[in-house]
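In what follows, subunit A forms one complex with subunit B and a second complex with subunit C.
Then we have the complex of A and B:
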């Protein structure tokens, strides 16, 4: 087991270095002259050249990349010249709020999707099942920002249950301290995930329902509720673990959209504002972080899968 | 303009030269199979309807989509404008058709770009096996972990977006899934008798790829195209909403939806719900069709 985790860690590290190279070079060729971006259109060419040479932007791109990589390994994520602030500080200010938003949405999505998927499988081809399937297909086809806007129109304007803006408090724990203001953003992100998760849960449960151990459990007279919770749940959650691990980028993209729709200052909104400011150090760092979280999500899912299902061969 | 799905289905029939059936009867067979999947058929019809609405509609319903007419701005639906007008005085129904053309074009261009790149890459990797295959697939792993939406946002913020540039950018970052799928197909196909026979007869690598491997992997490729178009349309809509879509006077569904959304609290519902419904229906139709096609081709190969 330890060996397997180590091997996976090593591969993940290689992938991470690859991601950093891809993102770095892409942004390098997209951004043009950093001095021009920082000093503006009116700066003299001499000033731009001086800025570039002072901060090492006139070196060959490979050299710049390796020095960036070296700085990354020392925990230095770069410096935002536009905001005169280190990128790490900027990210730190917003990371907690975004993480809580994602986590709350993920927990809500799982809490609804898992029982829903199992219920659909047990009652397969009933009206409930078809209705839920139609619902998840429609949700999946809906752009997330439209979902947010419809929720605002319904539950904030037509029926004034929730505010249309997310909480503006700077605390990371607003999900708990101001649940009413956070309800709509969390639901917006969660709904899209529910559509995906419940489909997988339904399929996996259908596979498991035909297995012998379910028949045995039923034959020995175990109440259906216990058959489902004690025997079926654990086995049918296997595919979902992988799907959840793979859903990290979708969750973070969801954050970007929900934060925009509900004006919630987090990493997504920081990314978008940096995009408008052409603040490339922030863009670079955040894109790398999303890539890292994606790799971590896969890794954790694989390890979790290996722990929950001893039958899986650990051959990396 | 033929639909994205009708076209490749036909070419399967042309390329399946292992069975000697005439083109039209093979196509009919395929259609008959689709009849067993009513949801897929609904998807196909819905798609044809939407494409017809966007591309043929403007020939019957003439509107001015070039000149701003502020006298008629933001009118609710009436007898002259069945879906009202937007804040610039453009007829909303005509604008829906125009935006739909662009959205469908971008989606199709992105899907075709991604599929061509992915198919070539996957075929080469699958044929190469060994070190090259391993290296090529690790590269796919790396690109798959690069956050797609964020990179596309950065690119479309830097370069002024047009139908072609958006299609190409989205396509250039979504070839990874088709590459993986096609490689998997090629790995199973390469050991089949007819491929071995072709090799023994001295077929060139080019011939092997173009006449034996790719035609037989077409099922997987077509299924993937439908999903790719759907995903691309959603991405374009999102870009439009975040403010990095096409710029005026060009328009697409995403841009229209985000424009309309700014007026949602003023009660201009006709600028939000029709275009929202169009996006949802298109993506839904493509996904339904894709699922059915997957089942059809899945049953065929097993």
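Then we have the complex of A and C:
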């Protein structure tokens, strides 16, 4: 397994370099040199030319790219002229809060979706199964921003249980220890994930319920609780592991809706603002991070699958 | 996915979010109304109660614009503190919105400048009552220090000062001297209109502490800033320090202030910052509050939610939220809106577009007059889909500033009148063709002919590019296009992203695109405090997007800048309103929202409408008993 992981990491590095090249050149051909984007559309041509020359943006594009790649390999993600901070600092400031929001939503979603999916499968075609299915489809179809606004209207304005905005602290720990302020944004993200996860879990559980080992376990007289938790859960969670692994980057990027609605500065919002401001160093770094999370998420999912199912062999 | 498509995608998402909020809000809200003059929205209460010592005022920061620089003479790319001027005062405080005074004299650092007979030399007498918080006087040296640092900044790059204009201040300075400790004498290379000098040159000058900041390193010796190499070293040091966000509140440099507030704390991760009263402030009207806390918001919707929750003391909304105002008023907020005094909303005309002979057609004044007659400004202001009452008519640049009012005042030179538009076209040889489009049937240059270069059979058909968001811009143009269709003018509307328009609908930056656009609406522009159109409409000006060129306009704009006639700018704004280098759309209101438990002179809240949350002065706000 160790060789497999190393090989996958090496391939991932090549993939990430490829991603950086594609994004870099795409952004270059869309916009050209950043001087105009940084200084604004009303800056004088002289000012734009001076800025580009000062920061090396008037060099050939290949030279600029290799220079960028060299800095990247030294851990320098670039500098945001729009925000007057290094990109690494910006990511560091926002990553903790985004991670807190995403992880809390993910844990909540799994804690509800897995038992819900199993329960639906066990009680399949019953009224509760149909009701839960209808609820899942409704949540799946509801745009996240609408869900957030409805929750604010209900639980912040009509019935003032929770604040309308998330914790404003810059410290991830303070955010973590302020559950009341984080309740609505976490629930908003979790609800859409629950809809997806519970459907996968239900389908996978239905597949496993028909397997011989389940019949044997029941025939042996095991309590149903143990049949489901000790035997069925591990075998039925594999599709969900894959989905969770693939959704890790989406959880971070998808947070921009929740972050905007609940006034929470995180990575998603940083990305959106950078897009609107044409802050290319931040866009490049964010894309690389999402790419990294994607390949890592896939790798973790593959490894987890191998752990949960000994029949799966990861060969180098 | 390209940046433009991504922009549209995300703007679509947020347009949907805003729309859902508006729909939710509209169900119970009342339509907004206008003030008596038709220029204002809502009511402006007088100051009430006695100031109560203490309290923290929470203020919304501009959405998505967290401050990233503390050095006052910021670069073009920097985002300043909204209330920078209450820490580092401008030489002159701008006059209150709606005032006919040249400046707010009581809060300014100097008396009004006096001009020499030839209009080239200006003498500024500073008040001797102001001190920096380190005890040093605010004097002429601080003005000269600031100017030398500006010169050093611009010498490195024109982008290093946001106020830079090629050939303008300080490049046009012949000399800057202190004739005594409190008197500055500035000699310019040509005669300058006193109002232009006061508003566009002197007012933006920010005196800097010449005895505290004349250093090039943390423990470095104090340098003679008059030596250019020293000025460069000082500027380089200050500009770097001024961008170190982690030390904004702790660096001793930035604690030397002359305004009523100083920076107590700044969180770079969120952009939240707190100002507290400057205990060593020596000017008038010190603040009575404990602190003013500026809070960042990810969107205007998020700000609105906080206002509805009663968690925010002061905020600002744009016209698209006008339907929410009555709900906020019921919750104990005051609301007052009007456009910024130098705001204007032009439909820019491309005078060089040769497609379908547009350049020949639009060169005819009667055609521009006819088009302006088709813009229903009062209707757009009232329309729920456009400004919902939160707007004001605008018929020229600087319409909102009473000091430079055009001769036609608040009356439209070309009011909405489709019949008048039809008459103008018909009387100049344009008849309705078989397809319903106006067609020239009398080519020629006579008084009843179509005009020079317009051939027989020429149709009135061209395109109009407009910004795809906010919705008010799209909707007003759709209405305009519809009105034009009624009289046989065939305008093809094309919604584009703002970035696309900036990059392409500009004959200076994108000459290759010259024949692809006839008219463009990018939304609001803001002129300088002395709202001459010289940067926008003078022949060859860098922001003359459509290459308008008129010798009379050029002469009037030159007089606005260089003559001593106090009525020069009024003559210019009158001519622009009559000659129509642009078509003019109404201005949306900036709506100031504040809780009723704070009060102050009415102007202190009206001033929020000048630039929205971008520039704020909380000095005169107070909690009342």
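General remarks:
Simple rule for what comes next: the second predicted complex is superposed on the first by the 301 of 316 C-alpha atoms of A that agree within 3 Å, B and C clash if a C-alpha of one lies under 4 Å from a C-alpha of the other, contacts with A are read in each partner's own complex, and residues count from 1 in each chain.
One rule holds in what follows: a contact is a pair of C-beta atoms (placed from the backbone, for glycine too) under 8 Å apart; a residue touches a chain by one contact, two chains touch by 3 or more.
These numbers were taken from a predicted model, which means no experiment stands behind them.
Per the definitions stated earlier, placing subunit B and subunit C onto a shared subunit A by superposition produces a clash between them.
Look at A:270: by the touch rule set out above, it reaches neither subunit B nor subunit C.
Of the two partner chains placed around the shared chain by superposition, subunit B and subunit C are both touched by A:27.
Judged by the touch definition given at the top, the superposed model places A:84 against subunit C, while subunit B stays out of reach. By the touch criterion defined above, A:149 lies against subunit B and subunit C together after alignment on the C-alpha atoms of chain A.
Of the two partner chains placed around the shared chain by superposition, subunit B is the only one that A:141 touches, whereas subunit C remains out of contact. Once the two structures are overlaid, the count of subunit A residues touched is higher for C than for its counterpart among subunit B and subunit C. Applying the stated contact rule after C-alpha superposition, one finds that A:39 touches subunit C and leaves subunit B untouched.
After overlaying the two complexes on the shared chain, residue contacts for A:257 are found with subunit B and with subunit C alike.
In the superposed model, A:101 makes contact with neither subunit B nor subunit C.
Look at A:157: by the touch rule set out above, it reaches both subunit B and subunit C. On subunit A, the patch touched by subunit B and the patch touched by subunit C overlap at residues 26-27, 30-31, 143, 145-146, 149, 152-153, 157, 257, 260, 272, 275-276, 278.
The touching residues of subunit A, when paired with subunit C in their complex, are 26-27, 30-31, 35, 38-48, 50-51, 54, 81-85, 89, 93-94, 143, 145-146, 149, 152-153, 156-157, 160, 163-165, 168-170, 257, 259-265, 269, 272-273, 275-278. Within the complex, the subunit A residues that touch subunit B are 14-15, 18-19, 22-23, 26-27, 30-31, 137-138, 140-146, 149-150, 152-153, 157, 249, 252-253, 256-257, 260, 271-272, 275-276, 278, 283, 286-287, 290-291, 294-295, 298. Remark: subunit C residues 2-4, 6-7, 10, 13-14, 16-17, 20-21, 24, 64, 66, 68-69, 76-79, 157-159, 164-166, 243, 245, 267-272, 295-299, 301-303, 305-306, 308-309, 311, 499, 502-503, 509, 542-543 touch subunit A in the complex. Of all the residues in subunit B, the ones that touch subunit A in their complex are 138-139, 141-143, 145-151, 153-155, 157-158, 230, 234, 237-238, 241-242, 244, 254, 257-258, 261, 264-265, 272, 276, 279-284, 287-288.
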